[in-house]
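First chain written, first letter: the chains are A, B, C, D and E, and each begins at residue 1.
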Amino acid sequence: MAHWQHRLAERGIDRQLWLLVPALVFVIALFLYPFFYGLTLSFQPTDGGPFSDYARFFSDSYERGTIWITLRIALPAALLNVLAAVPIAYRMRGRFRGKRLVTTLLVVPITLGTVLTAQGLLNFLGPTGWFNRILLATNLVDEPVRLTHNYWGVFFSLVITGFPFAFLLVLSYLSGIDPTLERAAATLGADWRRRFTRITLPLLMPGLATTFCLTFVLAFSVFPSAVLVGNPAGETRVISLAAYQAAYEQYDYPYASAIAMIMGFVELVVIALVLAARSRFYTGSTGGKG
Amino acid sequence: VGCGAPDSPGKSSGDTTGEVPERPGRAVTLNVLDVAGNLQLTQGMIDEFVSKNSGVISRVTYSKAPAPELAGKIKAQQGADRVDIGLVLTGVDGLAAGIEQGLWLDVLPKFQDRLGGMRNYLQPAAAMQQLAGNAGVTVTYYPSGPLLEYLPSRLPTPPTSAEALLAWAKGNPKKFQYARPANSGPGRTFLMGLPYILGDTNPKDPTAGWDKTWAFLKELGRYVDYYPSGTAETMKNLANGTAHLIVSTTGWDINPRVLGTVPKDARIATLDGFHWVTDAHYAVLPKGISTDTQAAVLALLAFMLTPEQQAKAYDEGYFYPGPAVKDVGLSSAPQKSQDAIREFGRPEYDALIAGNPTEVPLDAKSLVAAFNRWDREIGGGKVKQG
Amino acid sequence: MSAFSQLRLDGVSRRFGGQDALTELDLTIEAGEFIALLGPSGCGKSTALNCLAGLLPLTQGSIWQDERRIDTLPPERRDFGMVFQSYALFPHLTVRANIAFGLRMRRLPKEETRRRTEEAVRLVRLEDHVDKLPGQLSGGQQQRVAIARAVVFEPSLVLMDEPLSNLDAKLRLEMRTEIRRLHQSLGLTTVYVTHDQEEALSLADRLVVLREGRVQQIGSPRELHTRPANWHVADFMGYRNLWRGRVEQVDGTRATVESSGHRLLGEVIGDLPARSDVVVAVRPEDVRVDGPGETPNTMSAAIEVVEYQGRELAAEARTDTGQLLHLRTEQRVAPGDQVKLSMDPQRLLVFPADATRETDARPDRLADTSGATR
Amino acid sequence: MSAFSQLRLDGVSRRFGGQDALTELDLTIEAGEFIALLGPSGCGKSTALNCLAGLLPLTQGSIWQDERRIDTLPPERRDFGMVFQSYALFPHLTVRANIAFGLRMRRLPKEETRRRTEEAVRLVRLEDHVDKLPGQLSGGQQQRVAIARAVVFEPSLVLMDEPLSNLDAKLRLEMRTEIRRLHQSLGLTTVYVTHDQEEALSLADRLVVLREGRVQQIGSPRELHTRPANWHVADFMGYRNLWRGRVEQVDGTRATVESSGHRLLGEVIGDLPARSDVVVAVRPEDVRVDGPGETPNTMSAAIEVVEYQGRELAAEARTDTGQLLHLRTEQRVAPGDQVKLSMDPQRLLVFPADATRETDARPDRLADTSGATR
Amino acid sequence: MATITRARPARPPATTDRRRRITARPAAWIVWGVVIFFFLNLLGVVASVLVSSFGRRWFDTWLPDGYTTSWYGRAWDEFALLQVIVVTLEVSVLVVGLSLLIGVPAAYVLARRSFPGKRLIFLVFLLPILMPPITYGIPLATVLYKFGLAGHMSGVVLANLVPSVPFVILTMTPFIEQIDPRIESAARMCGAGLRTVFLRVLTPLLVPGILASAILVLVRTVGMFELTFLTAGPDSQTLVVALYYSMSASGIRAQQSVDAMAVIYTSMMLVLLVVALRYVNPTQLVAQVKEDPEH
């Protein structure tokens, strides 16, 4: 007769799973419980039926529009961060002098923080900032280009804060691909372009998808920079700003919760789409790790 | 019992509802939360009280935070029945938010007699107190604006009427600026002051009574390049020449020149028929603090409303003039204040304050509605214009 | 196929940050030849192969295909096929697409690509697996895909880097047969890297033995097996018994050597001054047990350890002078048995003990086994 | 040392999500024995070893150390030593600290830990390397550290999982000797996993052959070598020639079999009804070339491929009926030679063709070699 | 007989200076060009804040009129920054330490084991990273206040652990996957219990991963405004609260003082990062890089 421990073991359950318990207890007590409280709150609006806050959001084009505005900022920013990280990380794989320095430099922007980035963008890209001064001094433009307090200001701030994350992740995924595969492709007659498009890129796609999701999540919840370097009443009125105003200007917590839930839902939809696309790529071992 | 819903009643951590003694039974530790930048004016008063009355307040801590998150924090503490903030210093917005959420203790009329200084309020400060209802105690006051600010080197003769402003803006596109009202004191003062200047039907009703104001702002908006995210940036743009004319208040006129972020020679102008839209800072007591703390805070507030202490509110013109009570001369202010005001103050303020009517600002609900409409129609309108 | 009649490596060298991985490799490969690069781990075999493939730039020397210099060409323009140690199959492509990859890169007509792929699939007998991904194949099957992929576009040269080292013993034997068959049926010129001397012997027309980046010997399997150029090569080629000794007398190709109390007669390899230090080498299978008593090189010994190896036994014996000896025999000896051992002087090789470096001068085996007497 | 006199595996099974990796392993190990688990890749060898070690919980069965049930103990309380395939040395600890690890875990006095560590270091002859990190050692040296680490605390049982598979041929041979020496000098009970039959034969007192999670045969090296229990075991033990056939006649332990046009006489293994399907197995080295002409099992054939293997040649020959045959011989045959081959009936084994499963019933070799005739 | 060929063919000796590039040059130049452009602009962004924070007055000119450190002095005094920085460091260290302590074992199980419900648990760990703190911040603070945990440092630490623990789990999992499980098995076979395996074997080997994860958690913790503010007491404000206050509270504050605060904030992060990078190669931050020898 099999020992009861043996039967559980067959299904993968044994004493080691206790190691999960602290983290689980933690997340359940301090996240799930408050989270579901917020969720229930969103169905208890100050007036109207359970779904009236959701209806309110979707029936008001100014509010509803924040979804599109946010996507219009977050999707390209996340995409650019990921796409820019690929060739750079690709260059960073081999051994070369100064590699450590360059990598450090690429990683350092994660320390900048939202406020310094915002202040810096306002100072640097502002109408009398160095950037415009150089353009004016070199006669490239006649009057200052406006790159802040609009879409571009927020976009740049998302690139500065998001790129280092994307770079670190892409570098790690890329280094997980066995370089021998590319060497094999070279001996089979593939030039670097086709080595990249036929071998490296397809193998990197799942990693890129994951990286995209993480940078997208960061970009989608953009808030302080949308206010500081964007146009928070107009083209950069992002959804988190709508939630923020509901919570902290109108003090309508149920409505704020409803918006936050919608926000989470939109994020999950995008992530689900990306992950669904990801599953169409090869996702197994790529030989580089282990 | 485990986790109940956050708003279910918990166990009380001290007597919070009983009789409030004259003096706390035991010296209390007071945690002050400032969400209005008020400590710049009043921290000196509080420190002095504590040093003189260590039997009432043994220790004081200060924290500062942006206003909007205030209510959430107090709510969380009250939900758990563990309020540790004894005194909140806030502007109109935070005060009103707390009233609506039922966060504040009603100080009045119950403790009216303990706060004798309230009888000496300047008339407009008294009006601000009226606005506050029973929850807050006005501690500092200033007439605010709306004012226009400019550099004479760039703009020798500023417009002095609403029509002239519009015409000037039209003639000098992108050179007039004000910050998004929801994020800017001068911005919201300008917003609230326009109905008086333009003669709107109900200056207190942004939804139905501001037709001229909204039309004016929309028209003006055509010549505005963008609305910065804060007043500081409009000041910077004035200084660096990006903007030639911005909106301001008394405090924003004097203090940045003291700080050197705006050239000393900047001037102010007013529009014909303007009314001051006043502003004040309030002291409020969150519900759920012990009666000892209540007693201590009341004693502190009484102290802060004495003329000697009020004189400290002149500061460096930050909230010019600052004192909420009558007969507080600049000469009784600290020397540093006197020096700053002498150099950067404006003699014409006395006449302007005396010669123009004062109005209380919008109540919080109307203000949020005004912000909302401004965001949708004026600020957001910039998108459609391209 | 861009055929050639000769491929010439001319002083090919490669350093890694000041450390020589390959030094002055000169080698001429005739079309159709099967060359094996052989040597212990780290001796530079893979480096040589990668230089040849163009995956590693040379630091010195040149490579010539007939009169065309090719070491400056990138790998994709050399038209060599390569089989990697760990297969390096493209994990996201099916077996068919893996095999067709080289043809696709050459932009052959669709129809021809299909036809030649099918042919290669049949050649390696993977007809049932063409639509699987590499991850779904067993090691041996993956191996065959790698080979098919490298030969399908009929490269002028096929390079293989330890292609069998990841397989189990039985499969290794089978794949070895397969590779030889492919080589013969397609007439491919092949350079094959291995550290397994048996594999090298059984596959190659010529062997190149490397040690610390330098060629030690180039020759046919039989030459390597019977006439290693120095004792290092002998060591590597299975001469497990290596003893230090001193020459007493040289007589043509025969020398008499004194080694730990024994007087041994053997074949001299290389130049040997009298009284010089030598290393004597003999294979375990060349030590006979209880052979005809009158031969030279006879010693009595006690069997210490016996290993069963099927038909034969492998044994360790200690001679009466304390020397440890490895031997293989079909006789059923047992530990403790007293035996008379003899070695054919033809099979006992005498090498100069190269004293260039202290560590090199001392045959490890000798040191090890004497250490083991404790 | 918590010694025991017997270790008993009783129906030990392990499934992975519905798939049997090890089924009902019964085995009794006597103290001091050297047991080898042998079988092709994926047959469950490592699973068995890990179950024994406690690294993998059983799904059925029990393990007993004398009268004490131990399968529910965690590995660290079983007091077994283990040597892993890729050594699994602690890369951040010096050689000394690696070896001392087990003693530290047992909280022995400092002095004793030091003394026993030194002793183990001497045992594996690493005195010069004690302060190096594993990354600075060669493969063979790492191997010795792994062994020292596993035996230093004198475990009641030492488990080894393919400890030699990562070494090159020469080193593998040396380390094999080393392991046997250790086993004998310390008297350790050892369970050794390998897929290399030669290694298993030469090291173990008893072999356990596994296939698809099931024991095929347990026996001494000689039993396994000469009397495999079924044709799968034979296949694995080096019987490279496997042909299907049909029994014509059984006479005691002798059977006459007809296989692709040849009439063969061989030893019957197992029960064999007349006219049943059989598999005939013979080793390449048991195929004699041009032996005495009058024996049975004689056939003429043409040599097709020859591999040089030192003393011997390995060759493939095709009989006049088209049957492919692997053989080893010391005679210098060459491709194209016509030879007469013969097989001693004692050495030709006849197995029932187990038709339980279709794929199993067909000897792969047979299928493969006939396929290769194209 | 072929023997070692020593004679060199009569041909001009091969020159070694012509080095073949393995990949096309233009692509490399474009990439490096873009990187350099990015860095130049980034440098401009950072330098303009830095210069401004030391500028006495800076109007329509290339550089400020004069220089002063008074903005730092003001910020330092106004927010009692010494204490705030000390608190920030304490909170960061505690959050990083605890989230590793809680997260690494969980990551270990998720990396090594498969068991029923694993996907669900993964989702549960993913959610706190996806959901904006607005959704759960206030109820979370209430829970913490209710148990007397908020209002002082413990509340700040616990609240910050909510997104940090899952973050550690997600970043550590691949690192743990990279360690050969046989090394653990070897330790256990040597008699080490699970705890010892973690302390003596896994931890030293995970140092690069732990550092990478710690750095990322640190960055997030030091920058986390909402949860910190909602649960902090007067003595447990962190730098980011002061920074957001200086940036967005009503009242008059010179741009330069906000710049000074931002510089202080960034400097602190930078110091922490540089200290960490002393011990770990940045290329190993997220994974052990298998280097391609060809470049």
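Here is the rule we use: contacts are C-beta pairs under 8 Å (C-beta built on N, C-alpha and C of every residue); 3 or more make two chains touch, one makes a residue touch a chain.
According to UniProt, the chain labels map to these proteins: A, E = Putative spermidine/putrescine transport system permease protein; C, D = Putative spermidine/putrescine transport system ATP-binding protein.
It should be emphasised that the depicted structure is a prediction, and the values quoted were computed from it without experimental measurement.
Participant: What is the touch distance from subunit B to subunit D, in steps?
Facilitator: The fewest steps needed to get from subunit B to subunit D is 2.
Participant: If I average the C-alpha coordinates per chain and also across every protein chain shown, which chain's average lies closest to the global one?
Facilitator: Centre-most chain by C-alpha means: E.
Participant: Could you give the separation in Å between the centres of subunit C and subunit E, each centre being the mean of its C-alpha atoms?
Facilitator: Comparing mean C-alpha positions, subunit E is 50 Å from subunit C.
Participant: Using the average of all C-alpha atoms in each chain as its centre, how far is it in Å between subunit A and subunit C?
Facilitator: 53
Participant: So, what's the distance in Å between the C-alpha centres of subunit E and subunit B?
Facilitator: Distance between chain centres: 38 Å.
Participant: Can you list the residues of subunit A that touch 2 or more other chains?
Facilitator: Residue numbers touching two or more other chains: 11-12, 29, 33-34, 37, 128, 178, 183, 227-228, 244, 247.
Participant: Tell me, which residues of subunit B touch at least two other chains?
Facilitator: 3, 6, 69, 72, 183, 233, 240-241 - these are the residues of subunit B that touch more than one other chain.
Participant: Which part of subunit E faces subunit A closely enough to touch in the complex?
Facilitator: Per the stated touch rule, the residues are 22-24, 27-28, 31-32, 34-35, 38-39, 41-42, 44-49, 52, 59-60, 62, 102-103, 105-106, 108-110, 112-116, 121, 124-125, 127-132, 134-140, 142-144, 158-159, 161-162, 165-166, 169, 174, 177-178, 180, 194, 212, 215-216, 219, 222-223, 240, 243-244, 247-248, 255, 258-259, 261-263, 265-266, 269-270, 272-273, 277, 281-283, 285-295.
Participant: Can you check the complex and tell me which residues of subunit E touch subunit D?
Facilitator: Within the complex, subunit E touches subunit D at residues 180, 182-183, 185-193, 196, 200-201, 204-205.
Participant: Spell out the residues on subunit E that touch subunit B in their complex, using ranges where they run on.
Facilitator: Residues 56-60, 79-80, 137-139, 141-148, 150-151, 226, 229-235, 237, 241-242, 244-245, 248-256, 258 of subunit E touch subunit B in their complex.
Participant: Enumerate the contact residues on subunit D facing subunit E in the complex.
Facilitator: Within the complex, subunit D touches subunit E at residues 50, 53-55, 74-77, 79-82, 84-86, 88-92, 101-102, 105-106, 146, 149-150, 153, 159.
Participant: For the complex, give me every residue of subunit A touching subunit B.
Facilitator: Touch residues, subunit A against subunit B: 29, 33-34, 37, 62, 122, 126-128, 144, 146, 149-150, 227-235, 237, 244, 247-251.
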